[in-house]
Every structure is written in C-alpha cells, then in structure tokens.
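First chain A sits with chain B, and in the next complex the same chain sits with chain C.
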Partner chain A sequence: MSAAIGSGAPAGSATAPLLSVRDLRTEIDTENGTVTAADGVSFDLHGNEVLAVVGESGCGKTMLALSILGLLPRRTGRITAGQVLFRGEDLAQATPERLREIRGAEIAMIFQDALTGLHPLRRVGDQIVEMIRAHERVPRALAKRRAVDLLDLVGIPAPDRRVHSFPHELSGGMRQRVMIAMAVALDPQVLIADEPTTALDVTVQAQVLETLARISGDLNGSILLITHDFGVVAGFADRVAVMYAGRLVEQGPVAEVYRRPRHPYTAGLLVSMPRIDDEPGRLERIAGTPPNLVSPPPGCRFAPRCSLAGDICREVPPEMRLWPPDGAVTVACHRAEQVGEG
Partner chain B sequence: MIGYALRRLAITLPVLVVISFGTFWAAGQISSPSAQLTLNPRISPEAKQAYIELLGLDQPLHVQYGKWLGNFVSGDFGTSLVRNGQDVWPFVERALANTLLLVAAAVSLSLLIGLAVGTVSAIRRGSLWDYGSVTVSFLGISIPVFWLGLMLQLFFGLYLANWLGVGPPLLPTAGIYSPGQQGFDLVDRVRHLVLPTMALSLQLVAVYSRYMRASMLEVMSADYIRTARSKGLRESRVVVRHGMRSALVPVTTQAAIDIGQLVGGLIVTERVFQYPGMGLLFLESLEGGDYTILLPTVMITAVAVFSLNLVADLLYGVLDPRVRLGRGRRPVRRG
Partner chain C sequence: MAGPPFPQHAAAYGDPGEGRNPGSVPTSLLAVEGLAKHFSTRRATLKAVDGVSFTLEEGRSLGLVGESGCGKSTTARLILRLLKPTAGSVRFRGRELTALSQAEMRRVRSQLGIVFQDPYASLNPRMTLRNIVAEGLRVWHPEADLDRRVAELLELVGLPARFGRRYPHELSGGQRQRVAIARALAPGPSLLICDEPVSALDVSVQAQILNLLADLQYELRLTILFISHDLAVVRHVCERVAVMHLGRIVEIGTRAQVYDNPRHPYTAALLSAVPVPDPARRHDGRRVQLAGEIPSPLDPPSGCTFRTRCRHAAERCAVEDPELALRGVDHPVACHFAADLPLVPQP
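And now, the complex of A and B:
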C-alpha cells in the first residue's frame, strides 16, 4: 500500500485514511416503503483510531456498518450511491469474492447479540477455527491452538476446555468475548463493533469494553464503534460522529464535542445522559420522536424537534461545515453558532 | 437421555397393548376360523368341536388374547390358519425385509432430492425454480399414490417402450423378480424396485422440500448467518455448514415422525406393484381371513413406527445440543 502523504489528504491529517466512507446512501425496503438508512454519510477512519458513531435506535447506524462490508440484507438492502474506500479500494463496487477476502481478515465485525450471533449448534472453538481457515491455509490442529490462545487473550478462563463449549453453555459476557476473539483472530486493520455491549449487564459491559480496548491497543487496528451510549463513547473513542435519522450531524474529537456540542441534537443527547456528579432528579430529554425515514422532513431532519429551528432549517438541508472554522469539529446545522448560548 | 428413552417406552407400551387388543378383536370379528368347518358338510359336529377346542376358540376373548399376546411377545408367531399350517414368521420376515428395503430406498432418495430442492428454493426465493418446485410439490402432495402408481406402470411398462419402438418394457411393473428368475440378482432386484420407489417418493419429496424450504428461509435470516458472512466464509459454506446444519434439525425429526404416515402409501404402493412386503401381506391376510398373519403384521408395523418416532425424538437431542431431554416433558427448545 502506498501511503499518500501530503497529497490531497485533508488538512490536519498526515496520512490517507484507512477507511473512508464518501456520500454513502443505503436504502432498505420495508413493509412501509423504502427507507433511506444512510443518506449522504461521509467519514474517515484513520489508523490506530477509535471512531464512535452515536445515535438513537433506528437512526441507521447498524445499516451503515453493514453497508461497509456489503452485509446488508440481501433481498431488501442496497447501496445506491457513494463509496466505501478501504485503503483506496471502493468496497461498494468490489466483487463478492474480493469482499469475501476482506471480510474477517482485513475488516472484522462484532455484532450486538452474541447469543444469536454465534451459531447455536457449533462449538465456539470450531467457529473460530473456521474463521482462521477461511483465510489462511493452516492445519486444523494449529488453528485450534490459535483459537485457544485467542480465548485466553480475551480473558476466558480455562480456554482449552471452553473451545469445546457450545454458545448456550457460556454466559452473555463470555459469548461476547468469544465474538471478540473471533473478530480479532486475523489481526484485522479495522474492527467494526456494532453495539458490542448493549445486550450485556452493566458490570459485564465494562469488562467487555475493557477487553476490547486492551486488544485494540495490542493490535494496532482501528475500531469503528457503533453505539447509542454516549457514556461508552467518552471512555473509549478518539473521535465521535453523531448520527441522526440517516445523516451525520456532527463529527469531531470526543473531548471537543463533549466540551462544546455544536449541534442541538448532540447537545440534547449530552444533557439527557445521566452523570454521577449530577443532582438527583429528572433527566432532560429531547422532545418529540425521530422522523419517519420513509419520508423524512425536507430540510434539517432534526428541525421538528429543535428549539432553535427557523424557516431555513425546515426548508434547506444543512451542509457539513467546520465550526468554528479553525476548529476540528464539523457540524451540519444552520444555527450552530447559537447552540449552547443562552 | 436413556432415562428419557425409558419413559417414552413406558408411555408407548400401553398404546401398543390397546392397538394389539383392538386388532385382535377386529380380526376376530371379520373372519372366524371355524367358518369353513361350519360350511363343510363332510365334517361332523364332534370333529368341529374338537377342532375349536384345540384352537382355544371356546375360551373367552380376553383369555384368547392373553394367550396370543404371550406367544407374540416371546417370539412364537404360531402357524398359519390358511396356508396349510406353515409357520407364520418366515412370511412376515420376508415381507418385512422387502418393505424395509423399499422404505429405505424411498426415504433416502426423497431426503436427498427433497432437501436439495428445498434448499435451492429457499436461497433463490421467488425465482422460477422456486415457483416451479412449489407447483410440483403441490402436485406431488395432491396426486393419489394408487393413481400415480398406475400411471407409472402404464408409462414405463407400456407407452415409453412403444414410443421408442423398443420391444420389452423398460422397467418391470410388478413383483420383485422377473418370472423364472432363480436366486438373487442385484440388477433385476433394483429394476423391480425403481417404480415402487418412485411412486412412494413423489409425495415424500414434495413434503420434505416444503419443510426444508420453510426451515431454510427461517434460518438464513438468522443473525449467525450474517456473522458467518462477516467472517469471509464462502457462500457455499455459509449455506451448507451454517444454514443447512440448523435447518436440518426440525426437518429430520419431522421426517422421522412422518414415517408413520408412510404406512398408508406403502399398502397402496405394494398392492399396485404386487410388491411382496408388509402392506401386501396385510391385505392378503385380511382378504384371506388369516388373522394369524394379520396380527403380527399389524403389530410389527406399529412397533416399527413407534420405534422410529422414538429415534426421531432422541435424534433431536443429538442434532441440537441445546435440547434437554428428560423430566417427562417433550423436547423443549432452549435459548
């Protein structure tokens, strides 16, 4: 791979991004009509970076993740525009065979619910072995030993016995660790984790996140973390992209976005998050409900719920722009200047 | 699992007793062993009475039944009433072997074709192939076996040879050996098996392919199939090792449970093709009033069906490690 240093790379970034999603549009057919799950979504994921995509349930973030690897539901989902550039190669145009080579080996994925995500009738060890042998010509016994090592790596006790377990014999946290072990088996450059802790108890969530963080540190890979939980983002991600109704509304370094959200939706999400140092009492919430993605509002999609919205917001979709112009955060809001003031 | 099997057996035994008594009673109603003695003017009443006492026919029904059951369970099937006092067991044994061969051929062939057809239908849902196989399946389920058998006989035994202008029929339409055949001949035996197997299989293929299609459709939308694809596995492996592996669990058990329904089709098929199996033996002994053969034929069939059902239940536990058999309950799917 030739690193395109300095040539055409955006300001503030020395190297070309590992994964670059450009104006991606993903459509899903539902019983109520065709939903645009991702509408003009663009973001970059650089090497050694954790990028979190945050948004409410149903905002399209899982479909965005599936689009990257061409894993959209076969009969109902498709990418209708845009590019998914992985090291310069457009995965949206890649052949099925090429996608197959990349899946697992270069870009691996961890799914939300390991109970349904792991094959219920096959031993977890076999499922890891299968992953290894799909991409590398290694003897079964060797792959099995690597599976044991991987289970050990993700903190599963007695891994040499656990490789023979069926998923239903493991706890939820253990199953998710198996998922992680499987995903990192081939040292992928990008790990897409779709709500990796949502199905788990809170205490187990922390352990699994810790495991994920430790392993990503070991592996030198980048992580695209899909979550609805701003709390997870804070401790884990370098940058955050906030998604609302199929569009990214704000993107930037986590600390920056936390310190001063530029988009009213981000601001709403942050104040609706419980904090340990808050006064006890009722949590703030964002009024209204997310729009129907079959026929979204014409202007800014957040306008119907936004206290700052004016006529322009209801008519013209806002473009992504840097705000403040010399900063590192981009935002798609006509009224970004007013957010957080008064 | 052994405990579960024993419990199942304990439930099955009373059912078998009821079946045996019902059959015993019904057989006694439809044919009386002493009828021919009564009609024969050359037999004296004393001789007739002696014969009735010899056979135990003067005893109450439950005593007769108990005696027969005791003999049956201990493996003594007695001698035939009609076939000049020959031993019953060799008749049943030959018929059982023939029928098992026919069933094994039909079921394995049907599973092979049915599972493949169903899988392709599910993967290419909504395609020409899918609609075509749905249509053929409904035909297969709707066509009565006796009619299908007759059509197969006409087509392969008569029309096809005529059209092609070749002399003898392409396939034999009756029996298990050509006339004059001496001893075992594999080719001849298999040729005689072809048409009955086809007649018996069409319905099974139709049913199995429907089961498999439905099961595959459900499985292929599961999360773990998406996981399998995300691992970069070849699609063939995703379909076979992940999809079919799961889809087979309900299909195999359902197929094993359905074995009981095969009996009806078997009787018709064997009659149409004069195939000397349990079905034909059942009909012949029924019509000939030979309940010494009728009873073991029915009972052995019933035992076989129950055993296969039990195997199906146990198979479920083997195929799906999540199934816990026991505590007197039906298998429960966990998770």
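And now, the complex of A and C:
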C-alpha cells in the first residue's frame, strides 16, 4: 500500500475538501411509502484520502453514493435538501448535462457487480475506448493504446490480448479490474467504489483491494469507499463514517474509531463480528434489527436496539458532536460518554 | 436488549478432545469416503467433487471452507442425496446412503436437516410460518399435536409462538433464517447441514444466528456440518475444519491445528487474505499474495491443483498429485512439503 494512501488528510485539514456533502437529504419512493435514505448526511472528502462509509444493508449508503453522482432512480428518487459541493460547485443543483461531464472524468464510480457495469456484447477494450472518446477528442488508435496501458496498470496479464476479450471470458476478479481500469481511464479526482470486492472470493478480494490502493496512490486520487465490511475498512481507509438507518452516527480517523468506538452501534458491530484473530466462542450481539425507514423511530434511530438508551434518546435525535471535545471523532449519541465504560 | 444470560457451554465451543483418531469410523455419525461428483459435457468433465473423505462424530461440528466453486455445497448435496454421487460412499450411523432407494432415503432424511443460504428464497412466500414448520413434522407427528410442537420449535429458535400466523415477507432476514432452522429441526434430525447460513445476513444479525446454532448444538446434542466461504465465521462455530480447493480437501484438522498452524500453502493464503478489523494490522506483512486466478475446474493443472498459484511449488508438484495424509505433521494435509514449508503463523 502506498504512502499516499496511508498518510491521508487529517479531519481538520486546512485545505478545502475536494468533495463536501452538507446536510444531504435523499428520498426514495418505494412500494411501502417514501423512505428517507439519507437524512442530514454531512462529510468531507479531502485530496489523497480514502474515506469509507460503512453500514449494513438498507442503511442508505448506496443511495448516498448515487445522490452524489446524480444517478438516483429518475422517477422515484430525489435530493430534497442539502448540497453536494465538488470543488465548490453544488452537484445537487447541476444540470443533467453538467453531471454527465463530471461523471467518469472527474468523479468515477465502481459498482459491486462488474457484470452489470460492462456491456456483455462488446469487447472490454472497445468499452474503454468508447469511455475515453466520450470525454476526450483522441484518435481511436491512441485511445486503444491507452486501454492496453490501463489494463496493464490494473494488473491484467497479457493486456494486449485481453483488450479483445468479452466480459464473460474474464473471471470475476478480472472483470472488477476492468471496471477499475475504466473508472481511472480519465484520471478522475474522486473514485466512488460501492462494495467493489463484495462479490469476489477472499483471495481475489485481497488482490483487487491492493490494486485499488496502488492505483489511487499513483494517481493522487481520493476514494469514497462504500462497504459493509469493517475488515476491509481497517485495511484500506484513512477515515470512516458509520451509517445507520439513513444517518451518519460516527465519523473519524479509522485507527481512532476502531480503538475506541464512541457510538454504541459502532461498538456493537465491532464486537459482534466473527474475527480470525480473537478467542473463538460466543459472539457479542446487537439485539433486534434495523428500523423500517418508512417510519423510523423519532429520536435516535438506534435507541430501540441500544442498551444505553434513555428517554432523551427515544425523543430527541442526537446531533453530531466532537467527543472528546479535543479529539478528531464526531459522534451522534446522547450517551457517548458512557460507551465502553463498565 | 435484556433477556436471560446465555449459559457458557464449554462443550459447544471447547476443544474437541485431543488426539481424536480421524479414522475412528465405528463411532462416527457420518463417514464420507472417496466421494466424487463429475459433471460431463461434450467437451470436458468438471470434477466438482473429486475424492472427498472425512468423518464427523456425534455431537461435534465440522466446517467445510473454501472459495466459490471448490465443491463444498456439492458435497452437502451429495450427502443428502439431492445429487447422485459419481463414486464414493456416505455412511450415516454406519448405514450406506448411496445404495438406498428413494423411498428408503426419504425415511433417513428425517435424520438429516438442512439450512440454506438465502432465507428469502428458501421459504414458500404463500405459506404461514406455522405451515412451513409443520410441513417437516406432518409425516412424523400426530396431527392433533402439531400446533403445540410448532410453537415449541418457534420458541426454540427464539421466535414468539404467535409468529406462526405470519408470512415470510413480514419477517426480517434474520427471523426468516430462524424459521428455516426451525423447519430443519422439526423432524428431529441428529445431523444439521448448514450451507452458508449467515452469508446473506448483516453483521449485527449474523452473530444472533451463529449464537443460536451454538446453543442448539449444545441443547439438542446436534451434529453440525457447516459450509461457508467465511473463515472467521467457521472459526467461531466449528471444532474441526476441512479446507477445500477445486473439489478436494487439502487440509483437515482441529480449529487450533488449521488456524494456528496451517500446513497447506492454500490454507495459509486464505487465512492471510481475511480482512481483520484492526487498522494496526494493516502493514504487518502477514498477507500472502496469491499470484493469478483460481484455475478453471474444467481444465485443472496437473499434479497439485494449487501449484499454479503457489509460491512454494516445485517440479514434483506438477507431476505428483499429493494425497491428503499425515506427512509428519499433526493433521492430514495434501501438500508434498507440509512438514517443511515456512508458512507464516497465523494469529
């Protein structure tokens, strides 16, 4: 892993963030009613850093990623409040044309399932060429040469032959590398990776993560990693934002958050994970299941599952605050002071 | 979040007793010997399972781990006779299952429970939970007593009896998996086969189901064959572990033997690739990078099928197929150099 990835930008860095999401609210219409997939979400992504948004299925992390890129389902999804500031420009207000210019060229995305991201009937080389030529005026032959270089960059053996392959001729790990190659083709400043290795076997997952880390280091890019896997976050991200039921509940440097989680949900998740490096046996567990986002609980959304919850937790949604006040971690919990005590 | 504290069952997680002879067939609940399943197409033969042997003692748990396509789920289906083996034997309580007729097999199946990965696909959406669970009971249980028994089973898996009136779509993923477990336990099986039972569940719910399985194993003296791609999960559930690669077991032993002292390079690589939720471990250099891709099972390498990705591979590996054997270490390994390889000790 490169030094650029490891170092990261401190949370209170003086430089302006590359991407700044402010009080974002995203609504999605579902069969059961309107769901607030992101509810007052704020975070900054600085240059040269990897920020992980981690949460369980249905917590809204994917919709958050799609909101940033203006890729919400057209009829059923919309941003109803907040800003997505990319180098000062509010993408939440941008026209579809402007968003199309930005997508791929400045902010690129890698999805979980490479098969759905690739055209099944076109050779992977042609798809990369097309992607380059949609944004830049370059001759086809030159774009083709860049495609070969890109496949080489992501560690695909015999790239000059592989450009002629169809997606189905490649393994899952290879396809995900092709997706990475396409994503970095135009040298974007921000790479949004939504569960990039979840569909892969564990040995292949390790290879793809190494590739992603190496490339983002080489290209001086920032990564917004969307994942459910705390293990992947620990090995890869500089900062982490924990999402629960549409809201961020804790945010800070990875080492800090893992060493001493301040939110009961983060703390509960970290101890309930079966690990390969602890004493095997009974697992701690979080009772219950995440709330229904059509009608979430009024106060803290984690309160119904939380052993520390009191009346205030059930009534008043907690604000994000620094805890401890001189630290680098923000947490949305009325009882953060008690987490991990006794 | 309260609830009665769970008893600590030493037997459910403890060490399975040292020096257990892997060949002690007479006491085994399940003994699998040379099990194989080959699928033939016009062009090639896929050896999905290719000579798998292991034994499982009553009341114990064995984990079958490996990456996708290694044959672990096919092995489960062969044991249950949901697939017909190409070769080999499956003895359950000493009785050969591969030779049984369909009718005989149906009777034996009440002894073999199975829980599948996807609780969304494995429960009939048009049936109430009561009927889903009762289905497994009906053949074996007097009709008049069904409701009481269903209520008992639901409570056993941590669901209120009134849930019997509900339909699967009203439940969360974790609750559905509890129903699937209740259904599997309904006929009173002694062997429970779990095929990736928590892979579709969120982390916070996974732990609930894994703890439930541990409790059930203890309370009902269940024998568990646990199939998973997740090494961390298997480590928490199983006393013994078998690692599969391209249709074969490459290493088998107690949890401590396999996880603390892996002797097959593939096991070592798998273990090192598991992401550890500890940022301090990021640069500790434990990761064994595997070169290349999992070979195609339609065209496996000669000799040892792992050699193309193995950094310790020698000439001998290309010509001589290593059998699963003791090879001077304390548990069976299918590697010519099991005793000598400097594999990184795992945490």
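FYI, the second predicted complex is superposed on the first by the 330 of 342 C-alpha atoms of A that agree within 3 Å, B and C clash if a C-alpha of one lies under 4 Å from a C-alpha of the other, contacts with A are read in each partner's own complex, and residues count from 1 in each chain.
One rule holds in what follows: a residue touches a chain if its C-beta (ideal position, glycine included) is under 8 Å from a C-beta of that chain, and two chains touch if they have at least 3 such contacts.
Since we're looking at a predicted model, the values are computed, not measured.
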*Which superposed partner A:141 touches (first chain B, second chain C, both, neither)*: neither
*First (chain B), second (chain C), both or neither touched by A:71*: first
*Using the superposition on chain A described above, determine whether A:285 touches chain B (first), chain C (second), both, or neither.*
second
*chain A residues touched - chain C or chain B, whichever exceeds*: C
*What does chain C use to touch chain A in their complex?*
1, 3, 6, 8, 13, 67-68, 172, 174-175, 202-208, 210-211, 214, 229-233, 235-236, 255, 259, 269-283, 287, 289-290, 292-294, 346-347
_Residue ranges of chain A in contact with chain B within the complex_ = 66, 69, 71, 73, 75, 96, 100-105, 108-109, 111, 113, 115-122, 130-131, 134-135, 166, 168, 179, 182
*Once bound in the complex, which stretches of chain A touch chain C?*
1, 6, 56-57, 157, 171, 173-174, 201-207, 210, 228-235, 254-255, 258, 268-270, 272-277, 280-290, 305-307
*Flag every residue of chain B that touches chain A in the complex, lowest number first.*
125, 221-224, 226-235, 237, 241-242, 245-246, 249, 319-322, 334-335
